[in-house]
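Both complexes shown next keep chain A, but they swap its partner, so chain B is in the first and chain C is in the second.
And then the complex of A and B:
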């Protein structure tokens, strides 16, 4: 059997622009405040009343010719066997060249400051509900950059001071599950699968519609495709 | 062999001792630099504790003042070659005794460069990973590591060998330094070219995708570096006995003028290509020169640089710049202008707007600025010490059989030799 080569199709015609993927990614990967591994672009065009609104979900494109991988001086940013672009924090020196070289702006720098909510002393209803700090202490999760879900398969603590990015939920893929943004899309707009398997729903969708990629002219060969229109 | 090693250690010890000898101007200058360097060290300790969050860099603008200064200083280091070429290829006599000051500037500038990239790392404690998994030859960053450290070693070898030979009153053996001098000429071009390729190879930043970046880097470096050396030589001939002729300064001035003219020409080429075609990639240049959607933090900086560079070039071209104070003025304007152009004008606008179209401006924090000032102070401290050691050794006043003694009348600096001081500008 041929090696797997993961890819994703985002069906913009099905997408309802609810940002559930962004929130799903945040909860699954415990992504800190201020940045989103799963993100979106909003484009508005025209003048009122003839206006058009477009919503384009974005994430790491796991490019075939990834400039972040090429430019990384220590091979911390690397391609996995399944074609995912992954970041090995143990090798990273934090030079931020990957962030600079990414044409999609999907690599973020993780800083020491944890979620403000973890430190929040004020209660929503004073004297009635608990504060964020109390909840965090009660739940026993004191490490700000800890991914409890990821810890089931891979190291769960993310290093501070280093860049990080979408992993396509490789910890879930290792268990035979789909990425959490795919699972949690209410409209079923995200199709994840194996590009090498012509029978996979992904390959069928790619064959049926004319797929587009973001910034094709950069020559990075992204593996996140967009079909139809929002 | 053992005797030789002991002699070398004594040489190092004497160099160390003599760097503490000088007059009140020397002491106050060194005290100032030490103070600023320590302030910078303190600021860097804050950054080590709290991470790069204490800098003004964000996810959108992920390289800032550190890399900007780094880029400028790579140019300063490469500029030593502008003294080496006249001396070793065109056999220029005037510059022959001065070439070592250019090479020492290269050493000090590379020290600063290495410090600037180190402070830019999010995890400097992981630095060793660079050696464990060296992504060569794919990553341009690894090329930069090789060329910068190689250039540092080459220059340290050349200067160290020549100075030590002068100390031992030996004639330097040509086989030990001439080949390295010629390697260093090519290497100097390579350090700036590789740094330019590092930027222009990043497809995600259209502002840098220009073939003119590498030539323009070299042109501006060959203007700013010799300008700095002119200022150094002016100070040396004003306050020491070391002989610096007017002709040497005039030659350097000529180099600065030509390099600066080429730099301005390349600027015009770049501006024309960007703005005449008005392609979608012009946004960063638009932001830099005119501001974009009400964001215009860099506009005053870049126009200051353009004005400073133009006025400096005009001063250098006009006849009255034959008088030396005007050269000094032009050199200072030119160094400041190119520093702005390389830093604020080249690194930061490439990030604005970000690939997602976000307009996030960059404002350096005080902590970040203090780290930069600290590194500059450290580099100037190194350069001052190098020059302080070199002058008595090369002029034969400090040799293995003659210990340098403080002259009581001028507190360490021997009386100036009237024969070497023929400039009417400095009576």
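And then the complex of A and C:
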């Protein structure tokens, strides 16, 4: 049986632009403020009354020919057997070559120790509201709503000086679960699966509709496909 | 109405002035080394002191550049991982390997210059290190040129400009350091020695003039390829020009190339009676301008290449 080769289809016709995927990703992966492993492009065009609004969810494209992988000097950015583009912090020197190489802007670097807001001792309203540090202390974790499951395959909270990116929830895939953005989409707009299985919902969706990818001209062969339109 | 696109990603630039400093010093170091080899081949022991200056300057500049790069790394203490992993598709990996060979070899080569007598081993080492030096010089351009995500960098002239820049900045760094060394040791006085030195350095002036002219031509080609390239090329040029155009055109090209050209031509080609010290001052000013321009051209390219471009969508 052929090896699994993971991919994702985002059905823009089903997407309602609610950003549930973005928020789900933040909570599942303990993503710091200002970082967006799951992100979106908003495009507005036209002149009233002929206007158009388009919402395009984005994430790491887990490119087949990933420039972040090709240019990484230590193989910290690497391809998994299933085709996922993963980052190994133990091998990373923090040179940021991956960030300059990625045409999609989906890799983020921890310039400062992440989640600084939860170490802040000042309260929004002194004597009335709690400080970030007090809230974190009350939660019993370094950050409130910390998800320890994230740490099964990647550091739960990433180190200062190092990049971080979407792993397609590889910790969930390892347990046979779907990425959390897929599970959390209220419209069922995300289809995740094995590109090598012609019977998978993913392959069927790709066969039925004309799939598109972001910046096809870059030749990176993205594995996140878009079908239909918003 | 043009489509308005909003996409919140981490603001750049991800590579800053320290990377530009690495490219500048690394390139100048390689240039200094090749200048040392060239001088020795052309004049043998006649210009031992300047060859010595060039030979020592080479590893010092490359190491200086690497220190700036280390300062930019998120985990500089893990740099050794570059040598334990095999990443042949990464120019940075190759650069790390070849730069290490070059630094060790060039220190050894410079160390061999401490003795007065001709040393065949030193000459052989110089020849072995020459291709490595050229690879390290080319790497300083390839590092940017292979990044397909950055249209400003992803061109052939990027590599050519880097190769030419290492010749001009390398020679300028050596000449500047050597003239300072002469001044400090009290040897920068009008006389026969200075006359011979200035006459012998004429071919160097011609090399510099040729390299500066070629560099100017390369920049023109670079501009042409981007101006008449596809939409993303044009957008990249416009974005870089908007934020770093003044730095590139005024300091990098104007001060670093256009001003030194007539100055050097005047020094190199003028025959007859000359005021030797004015001549030396003109060399100093030209070299200083080439170095300042060489750094700022790289800074403008490194930062300009990371300027925010309009976000391509599915349309």
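Here, the second predicted complex is superposed on the first by the 201 of 230 C-alpha atoms of A that agree within 3 Å, B and C clash if a C-alpha of one lies under 4 Å from a C-alpha of the other, contacts with A are read in each partner's own complex, and residues count from 1 in each chain.
One rule holds in what follows: a contact is a pair of C-beta atoms (placed from the backbone, for glycine too) under 8 Å apart; a residue touches a chain by one contact, two chains touch by 3 or more.
Owing to the predicted nature of the structure, the values given are computational and were not obtained by experimental measurement.
After superposition on chain A, the partners chain B and chain C are seen to clash. Of the two partner chains, both chain B and chain C are touched by A:70.
Legend: residue contacts after superposition of the two complexes on their common chain; A:212 is shown touching chain C, with no touch to chain B. By the touch criterion defined above, A:180 reaches neither chain B nor chain C.
In the superposition on chain A, contact is made by A:226 with chain C only, not with chain B.
In the superposition on chain A, A:103 makes contact with both chain B and chain C.
Of the two partner chains placed by the overlay, chain B and chain C both lie in contact with A:92. Of the two partners, chain B and chain C, it is C that touches more residues of chain A. Contact with both chain B and chain C is seen for A:161 once the two complexes are overlaid on the shared chain. In the superposition on chain A, the residues of chain A touched by chain B in one structure and by chain C in the other are 34-35, 39, 41, 58, 67, 70-76, 91-97, 99-103, 105, 108-109, 159-163, 215, 218-219. Those residues of chain C that touch chain A in the shared complex are 1-10, 12, 14-15, 72-76, 78-79, 81-82, 85-87, 89-93, 95-96, 146-150, 232, 306, 311-315.
Residues 12, 34-36, 39-47, 54, 56, 58, 67, 69-76, 91-97, 99-103, 105-106, 108-110, 159-163, 212, 214-215, 217-219, 226 of chain A are the ones touching chain C in the complex.
Residue ranges of chain A in contact with chain B, taken from their complex: 34-35, 39, 41, 58, 67, 70-76, 90-97, 99-105, 108-109, 111-113, 159-163, 215, 218-220. Of all residues in chain B, only 50-53, 57, 59-60, 62-63, 117, 120-124, 126-127, 129-130, 132-135, 138-142, 145, 201-205, 351, 354-358 touch chain A in the complex they form.
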